[in-house]
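By letter and in written order, the chains are A, B, C and D; residue numbering begins at 1 in each of them.
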Amino acid sequence: MSRFDGRSGPIRLGMVGGGQGAMIGSVHRIAARLDGDYTLVAGALSSTPERAQASGRELGLAEDRIYDDFTAMAIREARLKDGIEAVAIVTPNHMHLPAAREFLKRGIHVICDKPMTSTLADAKKLQAAAEKSDALFVLTHTYSGYPMVREAQARIKAGELGEIRLVQVEYAQDWLAEAPAPDNKQAAWRTDPARSGVGGATADIGTHAWHLARFMTGLVPEKISADLQSFVPGRALDDNAHVMMRFEGGARGTLWCSQVAAGQENSLRIRVYGTKAGLEWEQEHPNHLAITPLGGARTILSRGLAQNGAAASRMTRVPPGHPEGYFEAFANLYREAATAIRAHRTGAEVPGDVIFPSIADGVEGVAFVEACVRSSSRDGKWVSL
Amino acid sequence: MSRFDGRSGPIRLGMVGGGQGAMIGSVHRIAARLDGDYTLVAGALSSTPERAQASGRELGLAEDRIYDDFTAMAIREARLKDGIEAVAIVTPNHMHLPAAREFLKRGIHVICDKPMTSTLADAKKLQAAAEKSDALFVLTHTYSGYPMVREAQARIKAGELGEIRLVQVEYAQDWLAEAPAPDNKQAAWRTDPARSGVGGATADIGTHAWHLARFMTGLVPEKISADLQSFVPGRALDDNAHVMMRFEGGARGTLWCSQVAAGQENSLRIRVYGTKAGLEWEQEHPNHLAITPLGGARTILSRGLAQNGAAASRMTRVPPGHPEGYFEAFANLYREAATAIRAHRTGAEVPGDVIFPSIADGVEGVAFVEACVRSSSRDGKWVSL
Amino acid sequence: MSRFDGRSGPIRLGMVGGGQGAMIGSVHRIAARLDGDYTLVAGALSSTPERAQASGRELGLAEDRIYDDFTAMAIREARLKDGIEAVAIVTPNHMHLPAAREFLKRGIHVICDKPMTSTLADAKKLQAAAEKSDALFVLTHTYSGYPMVREAQARIKAGELGEIRLVQVEYAQDWLAEAPAPDNKQAAWRTDPARSGVGGATADIGTHAWHLARFMTGLVPEKISADLQSFVPGRALDDNAHVMMRFEGGARGTLWCSQVAAGQENSLRIRVYGTKAGLEWEQEHPNHLAITPLGGARTILSRGLAQNGAAASRMTRVPPGHPEGYFEAFANLYREAATAIRAHRTGAEVPGDVIFPSIADGVEGVAFVEACVRSSSRDGKWVSL
Amino acid sequence: MSRFDGRSGPIRLGMVGGGQGAMIGSVHRIAARLDGDYTLVAGALSSTPERAQASGRELGLAEDRIYDDFTAMAIREARLKDGIEAVAIVTPNHMHLPAAREFLKRGIHVICDKPMTSTLADAKKLQAAAEKSDALFVLTHTYSGYPMVREAQARIKAGELGEIRLVQVEYAQDWLAEAPAPDNKQAAWRTDPARSGVGGATADIGTHAWHLARFMTGLVPEKISADLQSFVPGRALDDNAHVMMRFEGGARGTLWCSQVAAGQENSLRIRVYGTKAGLEWEQEHPNHLAITPLGGARTILSRGLAQNGAAASRMTRVPPGHPEGYFEAFANLYREAATAIRAHRTGAEVPGDVIFPSIADGVEGVAFVEACVRSSSRDGKWVSL
């Protein structure tokens, strides 16, 4: 562990969404706390006032910083001397735009869950809002926070795989394999077009897989061809998608995302094949990265090894063999954001090695979802994003 | 090991192809020998007479049963009192039809390597020849000989997975990732349209993956959409293919085959997901089969366990933990063929539990290859087989 | 995630040791922060005053709560209205006793790193001190915080394995395979008898392996026979140990710990075999637990599955497939301690399901180390603890 | 596949033991057949005449070469012009000496199952008989036939691991975890001192583990300390053993063998740690060998890779990814024996790269068993072999 916790005073953080019964809000809070870079001081934690209040109290927020709606929170916090410097937005997708806009226009940094918005039109509006603002916008594509994903990116960039030919990425779960129980809030909004958007699995996890492929390889997409399905009777949105991909320069690939793959937990997996070597990484075993040269022996790199590059080593807290996982990856994004926010405090430039998914990634993610729907509705026609 | 070797006298076997420098001929011979069911007594082992002679002598064949061409062999062996009862055809694809025809029409059983022929037209001619003959035709889709593949088939048939929704099958290798050396005979014919047919990777290994998916699930194909590539400069045939599949009844899937996936050895892998459970099997770790119920714990079945069904147990020689592999799977097909041939000797019916890939599977395999090429040439249009 | 963060106000925490250049102090701080149960407000972070001051400032402690020595800290904090309620002791082993004693006698709870002390005599003194105090004593045998370790414990207790016959536990690392660099502080004290105690690898990691075996199985030790080695020239303490174990009732086992096993990272692994089933767990893949019934198929349980028992589910933050790791296990112990401390605040009883390693475990751990040394010095004579 | 099958005429083989109901006899026959090097022409397949006859007929032996006892077979076959050149002895342990002696003294090569004899006294008698004979003696320690075991041996010999410090070898099964069914012949003799000898698990599988450790590392044993158990009530021989090992030069190790480890199938596993790197190999996944340099990334070598050495490549039939298993390893020993026997035919020297376990290995194996028993009966005293 080369660095010390909580450098130069924690960042004052607010949260929109993430009240009682939510899952991802709690994940964001753990991620924010883990390295001591943030302190949660305000929240509009639910769209239901009673729940917002109860949730805020449970989290130990001061009474006057528990808000019933995010606009009031943005207005007041922006005026407070010790108001929040950043806000985490962890609502259903359709609320990302209206919430983020309020904070961005007041110069409050936004850390936003994915997919960025529920429609591409909204994504572009949010992009415009972010461009007008001096504040930072960070999209939590968690998996780009894993050290070995960054190691893979660095090695691909350095040419270790040669010219990339193939990218096979998949994200398989089974938690929506049956119609969800009525009280399952997380399932409810994700299968509801009004809140999720035009995509189901494609939006919820397909965007993660897409971002991972793009982040790791740097390949530029040309066209995709998609076949979307809704296996569960009565479901309005896709719960499985098969996508073929063509990249500029001739690389090809496939993306499979599914929330009905019985027995799969959270199996995000990517394989990249170049002219010189191939590479594999699995989110469920994130501390390792396998690289195999053409015709050679497989090498299993561990997080924390001395031979890893700076990009991975910066994201590592304990030596190899002490597994880091999902929270640590998430915390890595929060840490990158913290570094950027601290630079912003003093007007300094954000250090060049800081990496987090941006507003452009968010726009592209939603464009990917809409392209999948468009291609699938035209029987798999190849379409641009 | 519940059965005894070499039941009631070995079957007299001939071989076409498989001389010095070939690989698959040797595999067939080991498979034929392993259980003591066959004895190799004749061969037309090469199209080059000198090589045919030298190869035959090295194998210890009697001088008068080393042939320079398969037609002469078929004619003479059919007349001999102790002539061959079966022939293994292990030539490049384009010679399967002419060779098989000569033996089938003389009542000699044919054990033929895959893909069955180099064109669909040829496949249909061979089918006609087989239908006219009283002799058996066995296609060596090796992987259907693995006990745990049969266990999977039995469990799917019994409904353990519920209704099948998804089939993800892939077959990845890297041995053709670069232009092969000029003296690599195996690579040479496989990348030559005149000998391989219209398909490259699709024909050589895509047909294996297709057969495995069909064999294991019993799903009936509706349409496929394919994107084929030839990554190696100058290559006339595909060396990578992405295929999306639709089956009758609504199941979907993908098939990926590649001979340019750097670092992959012989990675045939299938995953099947139903409404109740999912299943995984990998050829490189063939003694295990993983089944996971929806939301439950993964179960790893081993070959040889008492709880396995009869179909797998019949194909098992040693207790769990004593790994059986590629040769044993291949030998299982030879053993099934032997049982059928012995039944044929006495006019008895072939026992109902004997399973081997048939002429119909062969026709379908070649139809699959041609459908891939057809779909890909029309930019991924969905086509029937 | 069924529970909410930071229940009813964080616990005020101090720290002894863990300043700049230390590793385990940082781990304790992350663990304490992760669930929002603690706030670090005071520290005597180094025995070197300059380092103590610099470290405290870096951690954002108030100037008047950065102490140069732990006694001063204990005295003053005990008098403060908002003084610390608990202290984490993360110094080298030989300082655990003097430090812990100062806090215990003032009613401040102690969370102490392992092994508990450097000698058995010290351990007994600490035990006496703890027994005299009303404060809690928590020993951070991290690995007992892993959910699947608790699942294993629960299943063994419920009889799923039948009567236990065998326990094979091992803890292999390689970080001390060579003489450490002079500036490696962590290596320096661990290989120094004055600070580590009579045991090297046995004390540092052997005690973890021993505790894990005892915690998971509940077996009561009878005798051990040990063969200790110091492979690195000039090393005063053992860096490898082979131990055979006999338990009451006839169960047997082996324990291997090594810090010179080249290529091993942090490979703590346990296997338990009973009359009905066997079980395996590996720290490097902590989210899974394998159980195999006699002659049956292996079942891989994942952390977070609905079928897991309450003991594991309580320790779980995210659904299966989202890996939790070392920090989360560590945080689980901090969380258990927090629950106990909060109960203590109000005079309530500590809930029955709260589990953390105790002073008795600490005494036994040091007794184990001394027994290893004693047996080894008598050429492997079987000795009691 | 670099070599051709059945070089220069098969070797005429006889068999003692291995009739109906036996397992290992069938394994030997498959191994002998696999590469076409042998032809089975005679047998004394059972000590029960009816079973001997029935078994011989089932295997298709000529009537006059089915013998009721091995002495008659040795006498007659030695006189036949086309009598057997070699005999496979696959009886229970106590019959190895009397059977082998009859053939050795008549110049017939012996391929003998392990352990070599049931007592050390017998082993020495057999050694004397072998030394007096011109015939070869081959002991089938199967696991030394695996290519990746030979790769490991070659790399250790070449110094890739540095100086060896530690050897951890284990062989765990569960098939004797309960009292066997009365009709289980294989279990019956292995748990009977009259037929197995003084050792149970130690003799049956402990000798395999011991041989593997010795074969792979070349370390010379100094002393061992053993703790043997018989967990199953009423069992006369050990079914589990823990052994600590000291080698010349200071290397240490442990050996664990068990036939009562519930859930273990045939888990022979070895790990070797040197000053520079560590290595792991598992029989249940025999096509891979893991080597990890101190502090570095793990490398997984596959059987069949171009980078493997000659010793492994000679033992390889198909490219990587086509799994070879137990029968192929066994066949490798038969193939080595065939090469030696063919050299013997012509009076040529056995090629230097031919490797098979010898009479000296057999003596040492039985000495190991007796040393275990001796040490255990003296409460783990360190004893020489």
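Here are some notes:
The definition used in the following text is that contacts are C-beta pairs under 8 Å (C-beta built on N, C-alpha and C of every residue); 3 or more make two chains touch, one makes a residue touch a chain.
If you're wondering where the values come from, they're calculated on a predicted model, not measured in any experiment.
Path length between subunit B and subunit C in the touching-chain graph (shortest route): 1. When every chain is reduced to the mean of its CA atoms, the largest separation from subunit C belongs to B. For A-D, the equivalent interface among the listed pairs B-D, A-B or B-C is B-C, as over half of the contact pairs agree by residue number. Chain centres here are Cα means. That of subunit C falls 44 Å from that of subunit D. For the pair subunit A and subunit C, the distance between mean C-alpha positions equals 34 Å.
For subunit A, residues touching at least two other chains, in rising order: 175, 264, 295-296, 298, 302.
For subunit B in complex with subunit D, the residues that touch the partner chain are 1, 4-7, 9-10, 20, 23, 26-27, 29-30, 33-36, 55, 58-60, 173, 175, 264-267, 283-287, 302, 304, 317-328. If you check the complex, the residues on subunit D that touch subunit A are 295-302, 305-307. Within the complex formed with subunit A, the residues of subunit B that make contact are 161-162, 165-166, 168, 170, 174-175, 177-178, 225, 227, 229, 231, 240, 242, 244, 246, 250, 252-254, 256, 258, 260-264, 271, 273-279, 291-296, 298, 379-380, 382.
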